[in-house]
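Structure below; questions to follow.
Labels run A, B and C following the written order; every chain starts at residue 1.
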Amino acid sequence: MKIMNMVNAINDALDIKLKEDPNIVVYGEDVGVEGGVFRVTEGLQKKHGADRVFDSPLAESGIVGTAVGMAAAGLRPVVEMQFCGFVYPAFNQIISHVSRMRNRTRGKYTMPIVIRVPYGGGINALEHHSESMEALYAHIPGLKVVIPSTPADAKGMLISALESPDPVMFMEPKRIYRAIKQEVSEDSYSIPLGKGKILHPGTDVTVIAYGAMVREVQKAMVMAKEAGISVELIDLRSIYPIDKELLASSIKKTGRVVFVAEEPTAFGVGAEIMAIANEEAFLYLQAPPKRVSAFDTIVPLPKGEHHYLISPEKIFYEIERTVKF
Amino acid sequence: MRYIFKFPDIGEGLDEGTIAEWYVQKGQQVEMGEPLVKMETDKVVTDIPSPRDGIVAALYGRVGETIHVGSPLVEFDLPGIDGADAVSEVQKPVFEPVNEEGAGVVGTLEVADNSAYLPPTDEVAPTPTAEKPLPRRALATPVARAMARELGVNIDLVSGTGPAGRVMKEDIENYVKRESSGHYPPYQTAASTAATLNTASAGGGRAAAGTVVPPASEAFEIRPLSQIRKTIARNMIRSKQNAAHMTVFDEVEVSELIRIRYKYKEAFEKEGIRLSYLPFILKATALALKQHPVLNAELDLDNNRMILKKHYNIGIAVDTDDGLVVPVIRQVDEMTIRALATAVNTIAEKARRRDISMEDMKDGTFTITNFGSIGGQFAVPVINYPQSGILGIGRMVQKPVVKDNQVVPGTVLPLSLSVDHRIVDGGEVTRFLNKIMEYLGDPVSLIIG
Amino acid sequence: MDDQGKIISPSHLPEISNELLIKAFQDMLFARTADQMIVSYQRQGRIFTYPPNLGQEAIHSAVAQVIKHDDWLVPAFREMGAWLAKGVTLKDLFLYFMGNETGGSFSSAHNMFPVSVPIASQLPHAAGIGYAIKLKKLDQVVYAFTGDGGTSEGDFHEALNFAAVWKVPVVFIIQNNQFAISVPLRMQTVSDSLAIKAQAYGMPGLQVDGNDFFAMFAAIKEAEEHTRTGNGPVLIEAVTYRQGAHTTSDDPTKYRTREEEEAWQKKDPVNRLRNYLIDKKLWEESREEELISQFRKEIDRIFVEAENHPSYPLEDVFQYQYAEMPDDLKRQKIEHERFLEWSRSRTKKEVAR
């Protein structure tokens, strides 16, 4: 056991797998010598060599495109997109090839690629550094999208992604890169992709969140407890495939659901949750399912960000309104 | 064999073309691939090649004419194949037109304190979570829930008759009708007097039995319902709601019965059998039922019929510590008084031991309730549904009676007979009761026939 | 070779045996025959949109004679002769253009990438494969194709840059056939040539007469030797002419003249090599007629086989999205099957009536 934050945990997962699997290569802008702008890949090049962990030219489409070739030729590339806002030049490669090559070649070539993306706001950054566009990737058939909320989950889920035969968008909530420390096992362990987790059982309302918002919901739950509301908190963890079974059984149990995320609301992951609540638990619902997510606007620059970010108080406000319906 | 070549969609999404020039004529032998016609379309001017070797049998269209995609263009005489084989030869998969296509450094991060950290994840070695079973929640559409709320009904208390036990609007309506006999306040009122419940109870309420315990006070004692009590409650209301109860009261003078019983009482006791009046009453009832079968019947409204039973299994209502149970004595008509006495004793013993089983209570066709053993003369007994009648025996009392125009002391047994007036009419009821009274007034008639 | 097939620069003539030369010519004949038949099939309504290879056969045949079994081919979409050499079956090709991924997977062709529809997006793939080859220390070369239009895409630039920086064994071949659908080269770039762009990435660039088989063969051979021995990638610009339309839905008369087409016709690669061979008494016209007739029969036989391929099953829509079908996808399929059941019984009832 070792106390790690999420950066350490991700680094540990990469370190373990780089050692175990000679086919894994890690590359992207600044990930080699500098160890990544968030130091997530620190020390890995020294340990595993510059042909396994290296810096690439500044070209996102080229980074993902070359990964396609490497994967077809038998490697397991782990590429880093420096910030979620910079994935867009690579979007064509992702949607046209990464997600489709298996289907196009009927399984002859598969894409065991992990695309790591720090995402999300709340870090007082410039434009394009605070995006939360996971819904775009979840909507692409052939891709998997996962988002951890704790260091231990990050390590286990990344190890699973590194062993997955399918391409995985591994989205890292940068706001909590260093904000949470946890006792994490130093061994290799994997947390299966596609599964959510009940972090806290409850009876009055199911609250679903992922990434950095899990912590905000936990703060809201303190207020909820004082108000006598028993919250069942689910960490979604996997955006696609989504753990429908878990969500359905919880919503049937409590009869109420509140979804919390930092993405813009319209047509987002939350819309899918609303559909699930209705399709799977229609007869059990005691209140309309509710999305608590960001405005359908561009993320404001730091001075205006406080208007935009979802506060624990806002989460509690919506939980209470749902329970009192 | 004849084959019609239709104008194909060669330009992705075209629907027509104009014939610019025919390269072939009727009767001409053509080879596959040889151009047949020059077609002008929106996208291209092109030659259409022959799909087959064969002889041109007919040309569909003149130069300058417009042909729609899918319409016949050229008819061929193909060599060789005929009949069914020909058809499958010619069968072409249908194509659809395809569209052509023309290709940090930044910010600040929060850092956690070294002294505060989360415990390890339980996922590496997963721990099973033991969950308490949860109170019943109704399945219902939002519309039904809204209705329940408007009517002030706790939907979780309404039993559902819809698919998968869904609570339908009718269920809510019926619930309201039943509840509006009005003497019990809705459950949530009792709950809301409890200080422990903080969540607002909007009309529908949520808490169910077992989770809310109001504080003990002199005003209330809360007694949870036993399974038997729940069953009795259910059966009573079902009987009253379905059968059209009608009750007839009468008394029979039983001095003769008393004398005969007294005569055999000791002899029976020597054999260990306690002889009460019940065996005589049972026998009388059974014989009377034989003569008035509609009292031993069951109404089957669903099939528009009544079922007259030819067996006479009489249940005896027994009051136990747990509540009311009705063990059944089968084929009473065939049993002697002695046999009946034995049976009655057995039942009494089982009741004392609390040993009366479901088996013991099955297949009854008529019921006797002997409340008189405890007290009371007359009552309006509730029919043991779905039977058609129930005979209530009251307490034997000494009363002045008229015999031979003289007022003399006599002993009278009060009888209360409830029947289902849907199938038992007034005349039949009284005739039946008269018969019983005949037998009980003159017990020898039980064997005379 | 000049347009008539006479050698004009003997010092550049590559070493090549007569057998290989005749084989190369026959490959070109086969490719051309098949190509023309496919266009005809399309006009008959028996196959969907198809991009003809007419006029570019020498480039493909040159690569076909050099490429080894373990080498990789990363195609764009107009290199049929090269695909066939790499093991793509005609049947697969037909199935693909008839609209079935079973064909497009090119499953029987070793180290052969599928057709790439987004222009130039396959070039970074080639660079990535090159990296894997280098990392695993394998003896393989990657041949990656694009057209003159593809050189304008960002991916062209990124791929060449990556390949050069990583110094990987990739031969990038630009088939400059003068057109990107209707847009001529002069509107695509004002660069002196396409080959010169290689300089910007620090790699050698060759401009070759793509319709001169000998020149193409020599260029490919030189590039292969350079890159296989660890000297990094090479860019080849093969100058040729797209004698056919962009695809069977395109009408070139809209944007180019008969005169231009006829002028380029004179440089036709098949004619030039034929003239050379006949001149050297290595070939006879009569042989060609017979050969082509054989080819036609064989090609038609395979085409009909492809036409009779079993129909596209519902499973194929679902089962290749992931290694293991996620539950949700399974459910979607099952629910659709339920609908199909309902539809079938409904039709039965209709028929019964």
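The rule is short, and it goes like this: contacts are C-beta pairs under 8 Å (C-beta built on N, C-alpha and C of every residue); 3 or more make two chains touch, one makes a residue touch a chain.
It should be emphasised that the depicted structure is a prediction, and the values quoted were computed from it without experimental measurement.
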Most central chain, judged by mean C-alpha position against the global CA mean: A
Contact-richer chain pair [A-C vs B-C]: A-C
Inter-centroid spacing, chain B versus chain A (mean Cα positions, whole Å): 47
Chain centre separation (chain A, chain C; CA means) in Å: 40
Chain centre separation (chain B, chain C; CA means) in Å: 69
Where chain A touches two or more other chains at once, by residue number: none
Overlap residues in chain C, where contacts from two or more other chains coincide: 117-118, 121
Footprint of chain A on chain C - complex, ascending: 72, 74, 101-102, 104-107, 113-114, 117-118, 121, 123-133, 135-136, 154-155, 158-159, 161-162, 165, 320-323, 326-329
Chain C residues within the chain B interface of the complex: 37, 40, 42-46, 48-49, 99, 117-121, 149, 153, 181, 245, 247-251, 253, 300, 307, 311
Chain C partner contacts - residues on chain B that touch it in the complex: 6, 8-12, 32-33, 43-51, 92-93, 95, 98, 100-103
Of chain B, residues touching chain A in the complex: 104-114, 116-121, 123-124, 129, 131, 134, 137, 139-142, 145, 166, 198-200, 202, 204, 206
Residues of chain A that touch chain B when the two form their complex: 1, 3, 5, 37-38, 83, 123-126, 129, 150-153, 156, 174-185, 189, 191, 197-198, 201, 203-204, 227-229, 253, 255, 282-286, 323-325
